[in-house]
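Structure record follows, encoded as C-alpha cells.
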Amino acid sequence: MSQYCIQLINPNTSQSMTNNMATAARAVASASTRILAVNPQSGVGSIEGHFDEAIAAVGVLQQIHQGRQQGVDGHIIACFGDPGLLAARELASGPVLGIAEAAMHLATMVSTRFSIVTTLPRTVIIARHLLQQYGFTDHCAAIRTIDLPVLSLEDSSTIAGDRIREQCHLAIQQDNSGAVVLGCGGMAGLAEQLTSELGIPVIDGVSAAVKLMESLLSLRLTTSKHGDLAYPVAKPLSGIFSDLSPV
Amino acid sequence: MSQYCIQLINPNTSQSMTNNMATAARAVASASTRILAVNPQSGVGSIEGHFDEAIAAVGVLQQIHQGRQQGVDGHIIACFGDPGLLAARELASGPVLGIAEAAMHLATMVSTRFSIVTTLPRTVIIARHLLQQYGFTDHCAAIRTIDLPVLSLEDSSTIAGDRIREQCHLAIQQDNSGAVVLGCGGMAGLAEQLTSELGIPVIDGVSAAVKLMESLLSLRLTTSKHGDLAYPVAKPLSGIFSDLSPV
Amino acid sequence: MSQYCIQLINPNTSQSMTNNMATAARAVASASTRILAVNPQSGVGSIEGHFDEAIAAVGVLQQIHQGRQQGVDGHIIACFGDPGLLAARELASGPVLGIAEAAMHLATMVSTRFSIVTTLPRTVIIARHLLQQYGFTDHCAAIRTIDLPVLSLEDSSTIAGDRIREQCHLAIQQDNSGAVVLGCGGMAGLAEQLTSELGIPVIDGVSAAVKLMESLLSLRLTTSKHGDLAYPVAKPLSGIFSDLSPV
Amino acid sequence: MSQYCIQLINPNTSQSMTNNMATAARAVASASTRILAVNPQSGVGSIEGHFDEAIAAVGVLQQIHQGRQQGVDGHIIACFGDPGLLAARELASGPVLGIAEAAMHLATMVSTRFSIVTTLPRTVIIARHLLQQYGFTDHCAAIRTIDLPVLSLEDSSTIAGDRIREQCHLAIQQDNSGAVVLGCGGMAGLAEQLTSELGIPVIDGVSAAVKLMESLLSLRLTTSKHGDLAYPVAKPLSGIFSDLSPV
Amino acid sequence: MSQYCIQLINPNTSQSMTNNMATAARAVASASTRILAVNPQSGVGSIEGHFDEAIAAVGVLQQIHQGRQQGVDGHIIACFGDPGLLAARELASGPVLGIAEAAMHLATMVSTRFSIVTTLPRTVIIARHLLQQYGFTDHCAAIRTIDLPVLSLEDSSTIAGDRIREQCHLAIQQDNSGAVVLGCGGMAGLAEQLTSELGIPVIDGVSAAVKLMESLLSLRLTTSKHGDLAYPVAKPLSGIFSDLSPV
Amino acid sequence: MSQYCIQLINPNTSQSMTNNMATAARAVASASTRILAVNPQSGVGSIEGHFDEAIAAVGVLQQIHQGRQQGVDGHIIACFGDPGLLAARELASGPVLGIAEAAMHLATMVSTRFSIVTTLPRTVIIARHLLQQYGFTDHCAAIRTIDLPVLSLEDSSTIAGDRIREQCHLAIQQDNSGAVVLGCGGMAGLAEQLTSELGIPVIDGVSAAVKLMESLLSLRLTTSKHGDLAYPVAKPLSGIFSDLSPV
C-alpha cells in the first residue's frame, strides 16, 4: 500500500485546536498515512463569520503553497465553513477537501435527511450557503446551534458537550433526522461517543475528510486542471501576499 | 487494520460482468478488504431502463439478505441506476452504496462540473433523476451517450471504447467539464486509462464505491436505523418473495 | 361512448384492501367503464417503506403484464408511493397512473397549496420524493401522519378515521392549506365524507386516478413509446421473473 | 350520469376562434356534458403577450361572473397563457382550469419530458413562467415556436400547420421529447391528426381541459374556498368594472 | 442634474392612499424629481387578492398609457402585488418598477435573509409567488401578517401600527431576519420610524422604488424593447378597453 | 441634498483600472456624491479566478477598514466576482455593494432574461455561482466570454471591444436576451456606447452600483447588524493581518 502524506490545515491560528484535530485525524487514518497538521502564523484564533473566513482563506492558501513545496499528497481544510476551498483547489496540484463538504457527503450516504449542529447562530448562514453550493439543501432537515463560541469547545468544562448532546437529541426527536453532522472542527473528538450514545450516525468532518482523501489518493483522482480549477493565471502577488507569487 | 468484507452486487445476471467489476473492485481495494462479488440468479442480463431496474432491485434485495446472513460488512449496488438503493438501505444493517452515487460524489470533489458518459439514450432520464435525487443537477454539465447497449461493453472489439473516448473528448471541449463520470458498471476497467489519456479525472463508480465503502466502514458509519431507513416493518412475504420474509 | 376496462392494481396482497379500493373506484367510474381490480399473489400485505415498495413494484409489473394480455385499456397503481410507475409505463402499451400522482395533480387544480395526510412517519420521505419528482414540492404545505400502520385503516374501529380527521383540521388551521390529499389507498372511502365535513376538497387518489384515466383514454392519450418510456429492450428474464419474459 | 354545463371561455374577442375551440371541446366532451362557449365583448382579438393577457383576464372574469349567474358547473380559460387563472378561481364557486395547465398536467402522465410548440417567440416567456408556477420546469425539454401570429392559425392556408408539424418533428429528434404540448388554443383541432402522424402524444389544452373538468365535477372537487382562493373580499367596483361588483 | 417625472401609480381607487404614498415618495425623491401621483378612476378601493389584482392591472395599464402621453420618464406600480408589472413593461417606453420588487431587491443588499410583514393572510400566496418570480425565495425567512385589511392602515387608530411593530419584533426574534420588508403600499410612511425603533432596516417599497427609478433613469436604462417586453402587437382593443387601443 | 462619500474599491492592484472605474463612477454619480477610488497595495494585478479572488478579498477588507476610519458612507467592491462581499458587510457599518450584484439586479428590472459577457472562460463558474447566490439563475439566459484576460481591456487596441460587441450581438440573436450585463469592471466605460449601438440595455456594474449605493444612502438603509452580518466577533488578528485587528 502506498504511503500518503495528508496536510491537515487548521485555518485558524489556534495551535491547541490544530493538535486536537490532528489527534482525531490520526485516529482514523490508515497506518500508512501521515497526517501533517498545520495552521497559519497569521490570521484569527477562531472562525466565526464571513470576515474570519476571508482572512482564514489566505492562511489556507499559504499552507497549500507550502504543502505543495513539501510534496504532500492532498490537503484538508479543517474548518466547517470550508474557507477558500475553490481557491485552494486552483492552487493545489493534489486533491483538496473541506470538512463540511466531507461530512455532508457521507451523511447523505447513511441517511435520507440529516441535521447540522454548529456553534454560534451567526454561522448558520454559512452552513446554509454550503448546503446550496454542494447540492444538499433538500437533504438537510435543520441547522441547530449550541450558541457558544468555537473556543468554548476547548474548555475542560462539559457545557459545550452537553449542549451538543441536547441538540443531537432534538435532531432525532424534532427534525426526525437520521444522522447528525457536527458543524465545527473543534467537535472532532466527539463523533464516536455520540454515535454510540444516540444510536444514529454522528459525523465529524475531520475524520470524514481523512478517509475521503485517502479514497481520492488511492484512486489517483486529483483536482481537475482543465477549466474552472486550472492553476491560477501566473502573475506576481505584491506586498503581504508576495510569498504566494508563482516561482 | 480491520478486515472488511464488501459485498459487490451486480444487479444483473451476467456472470462475466460480475467478474469484470470484481476485478476493478479488487484493483483498488485495500489489502485487508475482501470483495465478495455476486449477482442474482433471477433477473435480467443487462439493465437498460426502468423495467429492468425494477426487476433488478429485487435481485439486489435478495443479495443484501444473503449478504447479511453471511456477515458481510457493507454492500455495493454495481449498476449505474443504483436500483433499489433506499430499499437496500432499509434491509441492510451495514452501509449500502450505489456506484452512480459514489462516482457523482467524488466527481464534485475534483471538479466544479462534470459530464456523464452512459450507454443507451433511454438511460439518460435515469441519470437525470439520480442527479436530482442526490442534489447534483447543477454540478452536471451534460449527460452523453455512446448509443450502444450495455453488453457491447463486454465485446472484444474496440467500438464501445472508441465511442466512450470520443464522448469524453466532447465533454472537455463542448461541455467544458472538468471531470467525466462513466455511466455504466461495464465501463469499470476504463477509468484509469482514460484519466491518463485525457488529462482530467475519469471516474468509475465501482472503484469509487469500494473506497467510499471502506471509508464508511473504517469510520463505523452505517445506515441510520432511526426513521426513514429503519428495518422494514416485519411481515411475511408471500409467493416468489417468501425467501425474503423476516425470520 | 366507448367502453373502457381499467385495471386497478393494488400492489399489496391484501384482498380486502383490493375490494375496498375497487368499491371506491366503481363509485366514481363512468357507467361504461369496467374496473378490473387485482392484486399480486406474491408480495407483502401492506406497503410501508422502500423495501415493501421494491417488492410491490414487481407485483405491479406482473399485473401490468397480465392486464396487457387481457386487453385492458389502462392501468392504475393503487398505492400512495406509486411503486414501479415508470417501469410500468415502459411495459404497458396503454396509459398508467399512480394514485399519489393523480391526487396531487388534482389538488393543485383546486387549491394553491395542499397538505398530505398519510400513515406512518417513515412513509413521509416517500411522499417527499414523489413531490419532487412530480414538480409539486412548492405546492405542498405539509406532510402529516396519523402514526398508524396501513392495515389499521381496515379496522372496524374509528381510531384511524379520527386521527385522519384531526390531521385534516390541523392542515386547515396550521398549514393554511386549501386542500388535503389522502396519503394511502386504504383511505379511499373517506374523501367524500371528509370533504363535506371540512368544507375543503379532500382528495383520494383512487377515485382521482379513475377519472384521470378515463380522461386519457377518451383523449386517446397513451404512454409515449418514443424514447424514455419505450418498451423494455427485449431480452429473457430468468428464474422467478421468467413469466415476465417477452414472448 | 349527471349533466354538466362547462363554460368554455375564449379570453379573446375572436368569435371564429371561439367556435373552433367549441368544436374541439364538443368532440371530446361526454354525451351528457354541455359546452357553453363564450368570449368577452371587450378586449383584444388575439393574445400575444403580457399586455393582451392583462386585458383578457378582465374579460375572463366578466365571463366567470356571468357563467356563475347562469349556473354553469365549471369554467375553462381557453388561452395558452391561462390569463386570470387565480383571479377566476377566487371569483368562481365551481372549478376553473386553464388550457396550458390542463395540457401540461396530462403531458407529464404519458411522458417523462415534453416539448411545447407555440406561436410567437415573445410568448415563450409566458410558457416558461407557467411551467415554473405549475412545477413542470424540469418536465419540459424545450419551448418551440412557429414564429407566426395567433390568428394565422385561422388561415385556410397550411403554412401554420406545416410549421407546427416541423417543430413537432424537431421535438422528437432534437429534444428527445416523448410528447408535445400545443401551445395555443387556436391549435385545438390539430392534436389527434398530429398524434397519429407522429406516433407520440400531441396534446391540445382545450380537449385536455374538458376531460379534466368533467373529472373534477364528477368527483365533486371544486375550488377550495378556504384561504388563498376564497371569494374576493366584498367591495364595490367602480367605473368600467362596476358590473363585476358583488350583489 | 436632469429633471425626471416619475409617475407613481396607485393601482386602487383610494385617493387618500394615493396621497399618502405620494407623500412618502416625495420625502425621498431628489429635489429635481417630480412625483406625479395617480390612481385609476375605475377599479377597486383596495387590493386584497388575485381578483382585485386582475382588475387593478387594467387600471395600471390605463395610467401607463396616459403617463406615456404626458411624457413621464418612468412608472411605479405602488401595490405590493406588483399587479400588471410585465404588461406595463410592454406598454411603457420607459422603465417600470413594482414596489414589492423594489423593496425585495434592496432587502437582499443589506441582509442575508429578510421577513415580509403584510396585511391579510390571503395575500401571503401573492408574496410567495413574487419571491419565486424574482428569485428571492431563499432570501425570505418568513411572510408574516397583521390580519387586518389594507384600508385599516388609513385608520387614525394605532391598531395596525401596533401589529406591524409586533410582527417586526417576531421577525427579529423568531425568524432571525436581518431586515423587514413592509408588504403593503399603505405602510409607506412607517419605514423610517420602525428602522429607528427596531435597529434593523425596515424597507418600504414606495420609497425604494422611487430611488431605484431615479437610478435607472439616471443610467438611461429603460425597459428592453427587444423580445419578451417589446411593445404589444398593434391591434385594436374593443369595448371598455378601447381607450387603450394603439393610435 | 446630503453629500455622500462612496468608497469605490478596486480589489486588484492596477492603478489604471482604478482610475478608469473611477471615471465611470463619477460620470453617473450625483453632483453631491464624492467618489473615493482606492485599491489595495498588496494583492494581484487582475482577478481571474478563485485564487485571485481570495487574495483580493483581504485587500477589500483592508480598504473597508480604512474607509470606515475615513468616515466614508458606503463601499463598492468593483470586481465582477464581488470578492469578499459578505465579509465586507460584516466589517462595514455602512452599506456595501458588489458590481456584479448591482448589474444583475438592474438587469432583471429592464428585461425578463439577460446575458452576461465576461472575460476568460474560467471566470464563468464564478458568475454562475453568483447568479445562484443572488437568486438570478433563471433570469440569466447565457454567460458568454470574449476569451481575453482582464488587462486586455486596458489595451488601446480595439480587439477586446470588438469581441464584446460580437458577444452582445449573439446575446440578442442566439440567447434572445433583452439585456446584457458586462462581466468585468474593466468594461465600465463601454455600457453607454453599446446600449446605444445595440438598442438594448447594456449594464455596467460600476455605474449601477454607484446609483444603487446613492439609493441606499438616501433611504438610510445600511447593512443590518442583527444576526448574520453583525460586526465580526472582536478578537485580535495576528501577523500580516494585524492591521485589521479591532481597536
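Labels for the chains are A, B, C, D, E and F, by order of writing; each one numbers its residues from 1.
What we mean here is this: contacts are C-beta pairs under 8 Å (C-beta built on N, C-alpha and C of every residue); 3 or more make two chains touch, one makes a residue touch a chain.
Quick caveat: nothing in here was measured; it's all calculated off a predicted structure.
**Q** Common contacts of chain A and chain C?
**A** Per touch definition, common to chain A and chain C: B, E.
**Q** Computing the C-alpha centre of each chain, which chain sits at the greatest distance from chain C?
**A** Centre of mass proxy via C-alpha means gives F as farthest from chain C.
**Q** Once you find the CA centre of chain B and the CA centre of chain F, what distance in Å lies between them?
**A** 44
**Q** How many angstrom lie between the centres of chain E and chain F, each centre taken as the mean Cα position?
**A** The answer is 27 Å.
**Q** Which chain D residues reach two or more other chains?
**A** 86, 112-113, 121, 124-125, 132, 138, 176, 227-229, in rising order.
**Q** For this structure, give each pair of chains that are touching.
**A** Every touching chain pair, ordered by label, is A-B, A-C, A-E, A-F, B-C, B-D, B-F, C-D, C-E, D-E, D-F, E-F.
**Q** What does chain A use to touch chain B in their complex?
**A** 1, 28, 30-31, 86, 95, 97, 101, 105-106, 108-113, 134-139, 172, 176-179, 192, 195, 199-201, 203, 207-208, 211-212, 214-216, 218-229
**Q** Within their complex, state which residues of chain F touch chain D.
**A** 112-113, 138, 176
**Q** Over in the complex, which chain D residues touch chain E? Could you list them?
**A** Contacts found on chain D: 13, 40-46, 48-55, 57-58, 61, 84, 86-87, 89-91, 120-122, 124-125, 129, 132-133, 149, 227-230, 232-233, 235-242, 244.
**Q** Flag every residue of chain A that touches chain E in the complex, lowest number first.
**A** My answer: residues 121, 124-125, 132.
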